[in-house]
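Okay, so chain A shows up in both of these, paired with chain B first and chain C after.
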Partner chain A sequence: MMLFYFQRLIEIFPFFLKGLWMTAVVSGISLIMATIFGLLLGIARASKNKLLVGLIGAYVAAIRGTPFVVQIFIIFFILPEWGIQLDAFPAAILALTILGTAFICEIVAGGIKAVPRGQWEAASSSGLNLYQQLRYVIVPQSLQTILPPLVGQYVLLIKDSSVVSVIGVMDLTRVGWVTVNRIPEGLMVFTLVGILYFAISYPLIRLSNRLEKKMATQQVML
Partner chain B sequence: MIKFNGVNKWFGKLHVLKDIDLHVTSGEVVVVCGPSGSGKSTLIRCINRLEKFQKGELFVDGTPLHDYSTNLTKLRAEIGFVFQQFHLYPHMTALQNVALAPINVRKMKRADAEALAHEKLDRVGLADKADAHPTQLSGGQQQRVAIARGLAMSPKIMLFDEPTSALDPEMIGEVLDVMVKLASEGMTMCVVTHEMGFARQVAHRVIFMDEGSLVETGNPHDFFANPQTDRAAQFISKILTH
Partner chain C sequence: MLEGFNFRVIWEYMPFFMEGLRNTFLISIVSLFLALIAGITACAGRLSPWKSVRGLAIVYIESIRSTPLLVQIYFLYFGLPTLGLRVPELQTGIIALMLNSGAYIAEIVRAGMTSVPNGQIEAGISSGLNYFQRMRFIILPQALGVTVPPLLGQAIVLVKDSALLSLISVLELTRVGQTLTSERFMPSEAFFTVAFFYLCIYFVLKTLADWSQKKLIFREAY
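This part shows the complex of A and B:
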């Protein structure tokens, strides 16, 4: 019987690859957007503007203090109330972006605050404007602190993306659920799902570790 | 060139600058000294508004600094600032440190800016260190790169906040030599320092600060030979016995 199910599983393996692809697309798009917004909000959060710092702080606290599955339901069910119809796919990307932005902005703000004040003073004294100070002096130095946890955050985001299956996105996790209905070998099915998640997470974990070591031993040259 | 009119500054309740009146003319070299915490750094940091002040007027090269709407980046490009701790950009080579502002603020072509940077590094005696990173340089060399970085903007004023205090004694001379040369070329300079040899050699005026007030001002010879106030006399005897 086991063997029979195993053969069935191999037959429908392309279905798993489709789910893997969906997971990669949903998390890929979200983490690119979360990186962009996280960088901008992180810079603002490290600024002296109290209002901005407070607002972003409240957003981060709200996201950190609630389960992601609740956030995604809120987005999926509240938007129609306001007359915005979102399909599962864009809703998933929106939710993951909001989640990732919150965490990435904290990482970025931490990295920027770790750059000594003298660097800001030297850069502004030489006549660079705020954008140039950030672009050429502050951000390159903060990358040392930012990159390792940022890549680590990507891994978390990819794993969190499994939650989008609850609103019907046909990602890897949902493929697992659907399959279990036909092949009642839960352990076998979800081991395969786990292996496929691991296949995309592991290279990133390696990258994060490598970056950490590299940053510890040498300066990043840009 | 620099004109303080009744400038007052507070850090919270702490009154750090008290009714400062000071006029520095073009080409003048002014040395600021005084005990720790007397407000020397705060005073010269006001000149390019690394510090804001609450009361009084300050004009630098005609620009009103008490008016917070003034465009600061433009003024700052005309003023070089040398810090006690150098603050070189650690992720860049010496050459890149010097060329950064000319490229981005003066909008020079990269090749021109690098030629300029080579020229300035040569001027501070570091022509062969262009490709070194700050961590590969000694303190004295780092400080000379920092001076070259300031000079690359062809500033009208150079400000120095204890430029030799963080250096090992054997490196102080090389930095002071560069500053002496700069002074002899007619640069307007405000220098916070306790290097009395430097003050004697090039300063037109010495200013003594204590507890946020400008207590005494005079030419270096008179100031060191017969200080007018007890506080200055005490201070001088202290630094001479060190």
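This part shows the complex of A and C:
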């Protein structure tokens, strides 16, 4: 019986690859958007404007303090009440972007604050404007502290993308869930799903660790 | 935006919300406790002199960390019955949370253990301190500062993760929101209330984590 199910599973393997593709697309789009917004908000959060800092802080706390499932339900069920009708796919990307932005903005703000004040002062007394100060002096230096946790955050985002399966996005987890209703071998089906997730997350985890070690040695040399 | 927000329904369902909140609490505390045991065990395995034990611990930690929790929950939920094990949803969920957090806690504990340099322990021995004195005055003050704040961070993650158990129909806070949505079709009332309760738990734990970070970090006397 198990062999029979195993053969069935191999037959429908392309279906799993489609799910993997969907997971890659959903998390890919949202992690690019989250990086852009997170960078902007992170720079704002490291600024001296109290109102801006407070507002972003409230947003970050609201996102970090609530489970992602609840956020997805709010976006998927409540936005229509306010007249904004979203399909599952854009809703998933919106939810993941909002989530990722909150976490990335904290990482970026932390990285920028870690740059010594003297660097800011030197940059501004060299006559650079704010954009130039950030672009040529502050951001390149803060990348050391930002990069390793950023890659770690990407892994978390990819894993969190599994939750969007609950609103019907046909991602890898959803494929597993659909399959298990036809092939009642839960261990087999979800081991396969797990292996496919592992195939994308594990290299990124290794990369994050590598970056961390590399950055640590660079810091010692400085 | 919030006109027509029906507080009466929330009030009517308040006992139900309270039950959900209590269950979220209990699930989180029990899972955290079990995860501590699992984590310390896995960490001991990770640092053990035997290669096979070490390999086993690494496989456990890495496979958990590179797959989504939702997939792990489904793996157990659909997989245990195929092994002939009939485990109720609640217990399945707690096992999943325990295994998941255990892997992260193992890494946290390992960071704490390896944070105290060997030379200090040797210095302690040659100063004539016995085992307990070394623990009390040298190792614990430094290791706790490194371990306790991230452990509290993991507790925050665990509370939020427990929301995923609603997807295998465990009656906890998020499930109450889903029930209210399907019974009365009032998703805003349901999920904003749920989010509010999660935020309350988050702020308590966050305050505790920040406080512990300030109090416990051992400052070297330069």
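Everything that follows uses one rule, which is that the second predicted complex is superposed on the first by the 218 of 222 C-alpha atoms of A that agree within 3 Å, B and C clash if a C-alpha of one lies under 4 Å from a C-alpha of the other, contacts with A are read in each partner's own complex, and residues count from 1 in each chain.
Please note the rule applied: contacts are C-beta pairs under 8 Å (C-beta built on N, C-alpha and C of every residue); 3 or more make two chains touch, one makes a residue touch a chain.
These figures come from a predicted structure and were not determined experimentally.
Looking at the shared chain after the overlay, A:Gly127 reaches chain B, while chain C stays out of its contact range. Shared-chain residue A:Pro90: touches no atom of chain B or chain C.
Look at A:Tyr202: by the touch rule set out above, it reaches chain C but stays clear of chain B.
In the superposition on chain A, no contact is made by A:Gly57 with either chain B or chain C. By the document's definition of touching, of the two partners only chain B reaches A:Gly118; chain C does not. By the document's definition of touching, neither partner reaches A:Gly28: not chain B, not chain C.
Shared-chain residue A:Val137: touches chain B; no touch with chain C.
With both complexes placed on chain A, chain A has more residues touched by C than by the other of chain B and chain C.
Chain A has no residue lying at the interface with chain B in one structure and with chain C in the other. Residues of chain A touching chain C in their complex: 61-62, 64-71, 73-74, 77-78, 81-82, 155, 159-163, 165-166, 173, 176-177, 180, 184-191, 193-194, 197-198, 201-202, 205.
Note for the complex: chain B touches chain A at residues 48, 50, 72-74, 76-81, 83, 85, 87-91, 100-101, 104-105, 133, 135, 146, 149-150, 153.
Interface residues of chain A, counted against chain B in their complex, comprise 116, 118-119, 121-129, 132, 136-137, 140-141, 219-222. Listed in rising order, the residues of chain C touching chain A in the complex are 1, 62-63, 65-72, 74-75, 77-83, 156, 160-164, 166-167, 174, 177-178, 181, 187-188, 191-192, 194-195, 198-199, 201-203, 206.
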